[in-house]
C-alpha cells in the first residue's frame, strides 16, 4: 500500500544529508545580511560557544538512536561540575595539593558515567520508560548538586579552581580538541562499529535485535552511560571556561540538545541518526542564535524561532517514516 | 505497490525555503546596519543582562536604550536567562562584532570574571551594572548603589518619627541573602541607623529570607507572633512588601501613616509597589537606587574610555531615601514611580 | 453447484478497464472483473500483482485513474471508505483492526453507537444488536467479552461481523486465513458458504490456492496489473493457477524427496518444558535432516522454538547441540551454531526501516572482519550482504541500502534466511517459514532448505501447513497441547492420521 505520509510535500530535513545544505544556506544568508557575522572573530565565537553543546549532542545521539531519550543529561552537567569543584576548588579544599591534578576531571567523568549507568539499568534491565527515568534522575542530580554545594561551601557556586583545570576547559584550543576528538570518536563508534549497528537495530526493533543475538540490555545501558559521560565532558568545558563549578551549568541547554540532534537527522523514534548530522545541527543553532543576537532580536524571539524550527524538524521526522504503522 | 520512495529532491526545496526565509530576515535589519555604518565612527556598545525578570532590570534596559539613542550610540543587547555560559557566549559575540565597550549585569560575582578577562584581552572596557564581581585583578568598572549609606539615610527617617512620638520602638528587619553583598550592605546600614538613634529603637527580630517571598512571609509571621508589639519594620528589598502587608492586614495592623496603630515601615529599591504604597499612605520611606543615573553613568564611562580616559574601578550610586515628606520633589527620579505611572497611562 | 450461472445473472459488481498508478508507476493496467450476486470470486496473484490496490479502490480507500465501476447497475464512485460502506461494500483488511482493550460490542459499534435521545449511549441496545451480529457470523461469545480474550480466529469473525454492520452487499476478505488454525479456517469457510447462501457477493483474496479452488465459484488471476485468467473454479488446478500467477511453469513446487539415511544426532532436546504451555518435550534432529513439527494454532510450536533458542527460560530440560549443552541467552547459542527464523517477520525478524544490508549483517556483527583499529566498515557489511543475498536468491538489482520494509514478503523472508545463513548455522529452527509469501518465492525457499540440508545443516521446521511439511520433511512430529503426539517418517506420511493427532482430544 502506498503510504499517505510519504506523499506529503515535506522537505527531508530530518535526514542527516540535508543538514549540510541547511547550514550552508544559513551561513550564506547570514553572511550577506547580518553585519559582522562573517568575520574571523565572530565565527570563532560561534564555534567556541558550540563546544559544550556538541558534546551533549554526541551523547544524546546514542540514546535517541537506541529509541530512548535522555532528559537528565543537562542536569548531570551540573552534578559533574559540582563533583569536580568539590575536590578541586580552593574554597572547599584549602590545601588542594593532596590530590593529583587529574583527579578532578576523572571524578567528573565518573560521576557522569554513574548517572548514566543508573539510567541505563532502570531503562535497559528494568524496562522502565526512558522519559520517566531520565526526568527523575535529572531532578535528583540537579537537587543533589545544589545540596552538595550548600553543604560544602554554603554558597551557590565554587570558585578558585586550579589553573591547569581552567586551562583545560577554558582555552579554546584545548576545549576544541576535547570536544572534537570526543565527537569524532562518537561518530566512529556509532557509524563504524558492531556496537553502533547493534544500537541502531535496538532502536529500529528491539525484539528483532534480541532474536538476532544482540545483547539488548547491555547495549541500551551503554547508550545511557555514554550520554552521561559526554555530559560530564561538557561539564569540564563549562566549568573550565567560566572558572566556576555550579549546579546551574547546562541548565538551559536541554531544548538545544534535543533540537540540534533532531535537526541533524536523528529520529526521535529510534534507529536513524548520525553524530556528524547532529554536529551540523549544533552549528546551525549556534549560527542562528549568534545572528539573531547581532540583529538585536530580543531574546524571547530567539526562543520562538528555535522552538519553531525544532518542531518543524520533529514533524518532518514523523512524516518521512511511513514504514511504522 | 509497497512503500513509495521519498524523493531526495525535497532536500533542495527545503534549502531554498530556508535560504529565502533567512535572507528576508537579514534584509530587514541589514538596512539598520548600513545606516549606522555611514555615520562618523559612532560608539558601539554591547549590553548583556542576566535577566529581565523584575521591573528593575526592565527599567534599567529601557534607560540604556533611550540614552544610547539620544547620544547616537549603536547598542547591541542580549539577555541570558540566568545562564552564565549563555552570557559568556553573548559577550564573545559582542567582542567578535568589535564593540567599543560592554555593560554587564552578571548572574553572580564569580562567573563574570572570565568574561571580564576575555574583554580585557580584546582591550574592550567592561562596566558591571549594579552587581559587583568578586575580588579579581582583571580591571573593570563597577557602578553600584552605596547600600549602607542609602539604607542608613532611609532608616534615619523612621528613627526621627520614633523620636517625635517620644516612645521607644520595637523593630524587625527582613534580611536578604547574606551571601549577597547588597544584602550585607543594607543590614549594615540598618544597624548603623539603629545605633545612631541611641537606644530609641530596640531590634527584637532579624528575619532571614534568602531573597525568598515565601520564607519572608513565614519568617515575618512568626516574628510578629513572638513579638506582637513590633512597631517598626525594615525590609531589605521592596519585593517583600506584599508579604509584610498580608501579615499586618491579618492582624488588623495595616494602617496608614496618620492612623493610630500604624507600624513604621521602610524598604529598599524604590519599585512600583513601593511607590503605590507611598502614594496610598502606608509606606513611610524607601531607599532608592537611582537606576537612571546608573545607566547614564555606565554609558558615560564607556564614552570616556573611548576618548582615552582610563575607567574608574568603582562608581558609587549615591541614591536617595524617598519619604512621605520629600516625595513630591523626588518622585520623578524614582524608577518605580516612573514605571507605575507608565503602566497607568491609558 | 446449484447457484445459477454468473454469466446469466445481472452482475452485482462490474469493474471495467480500471487503471491506477502511483507516482507514475502503473499498478493496475485495465482491470475488468464481474462479481455475480450470491457468489464467491477468488482473486489470486503474486504479491505486487495489484490485488490489494484493486480492493482498496472497491473499498473506497483509493480512486481509479481511469475506468468505471457499477454496483447493481448504478455508477459507483465512492469519495471515501464511509461512502463505500454506505454503498454496501464491506472490507475486512488483512491486518486485524480491533481494539483489544474494548469489548466485542464496543468494537462493533465504535463508530455508530446506538443512542438514546441522540446523545446517551444505549448499552442495552448495543448488547442486543451485538448478539444478533455475532449469531450471524456464528460466534458464541457474549457481547461484553473483551477482544483480548478472543483467539485470532474469533477476532476474524468479529471483524466480519463489524464489516456486515451496514447492509452489506459485497464482502471483501483480504487474506482472511493467514492467522487462523485449521479448525478456525474451517469455521470461516462455513460462514462464507452461509453468507453466499444469504445472497452476499464475496471477494476472497488468498495465497492458499487449495482453499481458493475449494471455496470459490469463480477465480480471477491478476498478474502485473491485468487479469490474465478468469473462469469457473472447476476449470483450474493448483498447478494451472500457479502457472498463470508467475507467467511460466514453476518446475516442481516441492523439491524431489530426499533419500532416507542414517544420521548422526545433531540437536537433542531432552524433557524441555515451560509452565503449562510446553510439556516435557524430547526430540532429536540429525545432521542434514529436515524434521517437521506440525501443530495447530496454540499447540505450542512457537513456544517450543523459543525455548530451544533461549529466548524464554525453560522450567526444566536440556538442549544439546553436537553433544554440548546450550545455556543462557541467544547470543551464546548463535555462536554455537543455532539459528531461528521466527514466525512473525515484521515483529521479531526484521528492522523494517533499516537497510537490507544491515538486516542481513545483524546476527553476524561479532564475527565480521574488522579493519586495523577495530572499525567495521560499511563496505565489509555490503560485501557480506551481497554474497549472502545472492546465495538466498535475492535479485541482483535489489538495492541493499534500501529499507527492507519495501521488499515483498517473499524477499523479506529471504533476507531473514540470509541473516541466519551468514552466521553459518549448524542447526536452523524455522517457524512458519513461508507464511504470507507468494508461490514463486515459496518454491525457491523450499529448494534452498533442501540445499542446506544436503550440505549437512539440521533443520527443524515448525508449521501449521501440513502440505508444506509433507512436501519438504524427512520426518514429521505432531504437536498438541504443548506436547508431541506422534511421529511419522516420510514413508508413513498420512494426512488424515497426522491431522487427527493434532486436533484437540475432544474433537478427535
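Should a chain be cited, it is by its letter among A, B and C, assigned in written order, with residues numbered from 1 in that chain.
Just so it is clear, a residue touches a chain if its C-beta (ideal position, glycine included) is under 8 Å from a C-beta of that chain, and two chains touch if they have at least 3 such contacts.
Predicted model, so just to flag it, every value in this text is computed and none were measured.
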Subject >> Closest chain to the centre of mass proxy, which here is the mean CA position >> reply: A
Original post:
Can you name the chain that lies farthest from subunit A, using the mean of each chain's Cα atoms as its centre?
Top reply: C
Subject >> Whole-Å gap between the CA centroids of subunit A and subunit B >> reply: 34
Original post:
When the C-alpha atoms of subunit A and subunit C are each averaged to a single point, how far apart are the two points in Å?
Top reply: 44
Subject >> Distance between the centres, which are taken as Cα means, of subunit C and subunit B, whole angstrom >> reply: 72
Subject >> Residues within subunit A bordering two or more other chains >> reply: 1-2, 323
Subject >> subunit C, residues touching no fewer than two other chains >> reply: 22-23, 52-53, 403, 405-406
Subject >> Shared-contact residues (touching 2 or more other chains) in subunit B >> reply: 1-5
Original post:
What does subunit C use to touch subunit A in their complex?
Top reply: 22-23, 52-53, 56, 95, 309, 311, 329-331, 333-335, 340, 342, 347-354, 358, 361-363, 365-366, 368, 374-378, 381, 403, 405-406, 419, 423
**OP:** Under the touch definition given earlier, write down the residues of subunit A that touch subunit B in their complex.
**Re:** 1-3, 6-7, 9-13, 15, 17-18, 21-22, 25-26, 28-30, 32-36, 39, 41-46, 48-49, 52, 154-157, 159, 170, 238, 241-244, 246, 248-252, 289-291, 293-299, 320, 322-323
Original post:
Given the complex with subunit C, which residues does subunit A contribute to the contact?
Top reply: 1-2, 188, 192-194, 197-198, 200-201, 204-205, 207-215, 271-272, 321, 323-325
Subject >> subunit A-touching residues of subunit B, taken from the complex the two chains share >> reply: 1-6, 8, 10-15, 17-19, 22-23, 25-27, 29-30, 33-34, 37, 52, 75-79, 81-86, 88-90, 92-93, 95-98, 107-108, 110-111, 113-114, 134, 179
